[in-house]
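Just below sit the structures, each encoded as structure tokens.
There are two complexes below, and they share subunit A, which is joined by subunit B in the first and by subunit C in the second.
Our next item is the complex of A and B:
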């Protein structure tokens, strides 16, 4: 049996290790296990980027038709990752800052950082500045934007569907470099974006 | 010669002994000289051959193989010689080439060690090294790899070519393969990488304890195989990555 790559119905190219049966078992040898975990993390992040997925839960290992089914199962060899195994991979991702428990103080579900919060901050800032330049009717400079304005603007956004906790992290990062201000408004919070400090 | 008596006869005997010795040393001197000139002649011819075919030797693997075969059949090691890297090194630039290949072999062995436990089939090694060199195939041969590994030996890194069931493998960890592991690797290759206790018991008349101990050692102590706890047949199968067919 040759182990080969495979293209899923959603157009994602699975690496050949995904067709190796032992990939779906937690390895008792710590060195082997850390290699396998690295491969899993890379797979999860690239798949998340491919499908723009933000939330991964331990239950995704058990639920049929989960968003992650294409990587968490391999029907061709009749293998699937077990919840415990996935839970350990998630814990490693959190320890490497490649994911964060969301909501905090539990370990069943995470935000997956296929872009780091720092990278999201830059994406957000570049997009807002560009948007302000080309459509000052909508958002003249210094307009206070709601989170909804960012995640669901009339003309689409590279941050579409971004979960609010992740957006909040990005805004906090911009705030630290003086590029955003969070302001309390009537129905919650708003953000004002400021020009880059020279 | 009449055997004389008295002192004069003794002198005569001594003298003839001397002249015989002289003659013999002259003879052997001539022989050595003749041999030297033959060797010189041969060396020049070989050097001439090497320099005219230098490009072919470096670039064409089958030509290089034939050249190395020729050298070894007449007892000349292309890498041996009084100078560092051998006198062929200067002539052919072959030693740089071998060292460079050595570095690439180490690169592949080290980077795949975690998934194969430091044991790699030589054809797989050739494939990965060729990919590293940016050539589809045909760039290097198994023979080249084996030679390069020999040049690595003085480094004491423990790279070694071992033969298991007629298949050459390169081992990059200093770990003695015991007999049972050799048997397991043989079984693994027949099964595309998968080994279960029952196969070992049936094929080799091992006890279950022996089969389990050997497999668990490879799994836990050596990291030479991976565990599959979802195996349909037994619920516990061992997979040897170096015996699996990877299409990367």
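Our next item is the complex of A and C:
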């Protein structure tokens, strides 16, 4: 039985392993299962990047019309991943620091790090620098931006729709390198971006 | 006359031992004797063997053993006389007979019945075995209550009939028996026998027509149907009251003295009366003090209790004896072990003093291996070389034998016949063990020895048969095509060619049992050769409940390279 890749309606290229029924069954053999899990994680991260998805919940395995439907189910071979299986994959992702439980202290939903928080921090800093450059007449350097300004800017942004917890992680990372400062403002929290320390 | 009246025909072709009751004992025998009926020689009984037992006197005719042999109950003998013989007249023993022919009839009837039938006591439901003497068979062996189904005195009529012709006597007594049992099971007798003179009276009469004795009242409704049996007394019965009621035993070839002594002894001991409760009861059924003659403690609940108690006591004694024997044996065994230890220590000391360069004498080795074979091996004994050699050879021989059982015996023409693994490449260990022991028939191999033989098996088999244990604990013997590696490779090729298969389909392909294939698949999966597709993961139709089945795939993950969307 030849396995082949498949392009989804959203334009995502599914790997050939996705059309193999054993991919959707947990394998008792630990070596086999770890290989399968690796492929699953890669699939999830690639797909999340493709669709800009941040949240993955165990329930997504059971809901027919979730954002993840295209990879968690395969109608062509009549297979879907079982919630238990997905939960184990999620646990592995968290242990590999490729995801984080959000909210913390539960194991039903995660933030998927298709970019690591460190990468997000760089993306954010680059975007702020670019933003300041474009609108230097409006905002002087050392401008204070609210979270809302970042997640929902007037023009497009690579950070659009980024969940606040992930944004906070990125800002913390920037703060550790002295490039940002979290301050309290009247309507919540704001961030002051500092020039890169030479 | 008396011969006919008091004796009963027996089949003389049967050995005497088989004619005895269970509680009867043979006391003396004498051959070459003749019988006198009264003072006349009985023409049909002139040469035979006479036996005296605790209960009876047997005469077994030498020539016409089948028809002319008889038995005589000792209870009829009231007196004996001894005549030592003179000139040509041989020694004789005269037995004077007396007794009621009524009694005779009922006893014979009861005997014929009780001898061939076991019966259940109506009081305690104990099943009495057959084969007891008539008197003993009449009462229950456990509770001592008389058997109620015994022929009532009505049967007396048959005995008067009995005396009319000897050959039919057994027949008539048996008919009387059946009529008696019929009467007891509901059919009413057509006439009532007088307990005193045995005359058959019309059932509506209250007292005997002849002697005016009061008649026992029949239960239930009376019938006036006339009896089909003769009612008139037989002329034989009292035609010659003065004739001698006796038989004489003439000892033609001696042996008379010892026989007479035995007869006297038997008559004196009155074994037939010990249990003669039933006789008393049936005879004195109407007298109020009939119970006085009963042996004490035989009846009722106390009788049952006593019987149980005595049997318990007997068992206890037996047990105690057995335990004492066992203890004695243990003491002896201790001595044996001590002896073995001493012997062994002596041998060790001798060999130590002799220096190790010189080998132990053959005798010492022999003693040691004998001790070890007896299970008396001491801990400080080294395992001697010849023991090792023996054991090795023993296992090797066993392995060779097992190989023959598994692979068959090479016939003369070179072809191989039979063998458990002739058509099968893999076979469970328990089946092998069972099959081997079945083939051996005797001196069965214990499982421990069997397991020790297995490593030697590969040396004697062609193709090599190996032992494999699965993770579940299942042990098998298999030929090279069924090693895990060979099977895995074959399976992988099969799955690649034919797509995913279920366990059942694979077992059909391999022609093995499903359970065995399950074990083998598990082993291959553990090695990463295959992976599974559980239909529980189906979107439609699968489900975790019924119909969930596993299909096996080649390991699709092995060596897989990502061919999906790149970043």
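Side notes on the structure shown:
Simple rule for what comes next: the second predicted complex is superposed on the first by the 196 of 198 C-alpha atoms of A that agree within 3 Å, B and C clash if a C-alpha of one lies under 4 Å from a C-alpha of the other, contacts with A are read in each partner's own complex, and residues count from 1 in each chain.
Here is the rule we use: a residue touches a chain if its C-beta (ideal position, glycine included) is under 8 Å from a C-beta of that chain, and two chains touch if they have at least 3 such contacts.
These numbers were taken from a predicted model, which means no experiment stands behind them.
With subunit A as the common reference, subunit B cannot sit beside subunit C without a clash. In the superposed model, A:182 makes contact with neither subunit B nor subunit C.
In the overlay built on the shared chain, the residue A:88 is in contact with neither subunit B nor subunit C.
Look at A:78: by the touch rule set out above, it reaches both subunit B and subunit C.
Touch counts on subunit A: comparing subunit C and subunit B, the chain ahead is C.
When both complexes are overlaid on chain A, the residue A:3 reaches subunit B and subunit C alike. Once the two complexes are overlaid on the shared chain, A:22 sits against subunit B and subunit C alike. Once the two complexes are overlaid on the shared chain, A:13 sits against subunit C while remaining clear of subunit B. In the superposed model, A:35 lies in contact with both subunit B and subunit C. Counting contacts by the rule stated earlier, residues 1, 3, 5, 16, 20-29, 31-32, 35-36, 78-80 of subunit A appear in both its interface with subunit B and its interface with subunit C. Residue ranges of subunit C in contact with subunit A, taken from their complex: 499-500, 525-526, 528, 531-534, 536-542, 551, 553, 555-558, 560, 562-567. Across the complex, subunit A is touched by residues 114-115, 192-194, 219-220, 223, 226-232, 237, 239, 244-248 of subunit B. Of all residues in subunit A, only 1, 3, 5, 12-18, 20-29, 31-32, 35-36, 39, 42-43, 46-47, 49-50, 73, 75, 78-82, 85 touch subunit C in the complex they form. On the side of subunit A, the complex with subunit B involves touching residues 1-5, 16, 20-29, 31-32, 34-36, 78-80.
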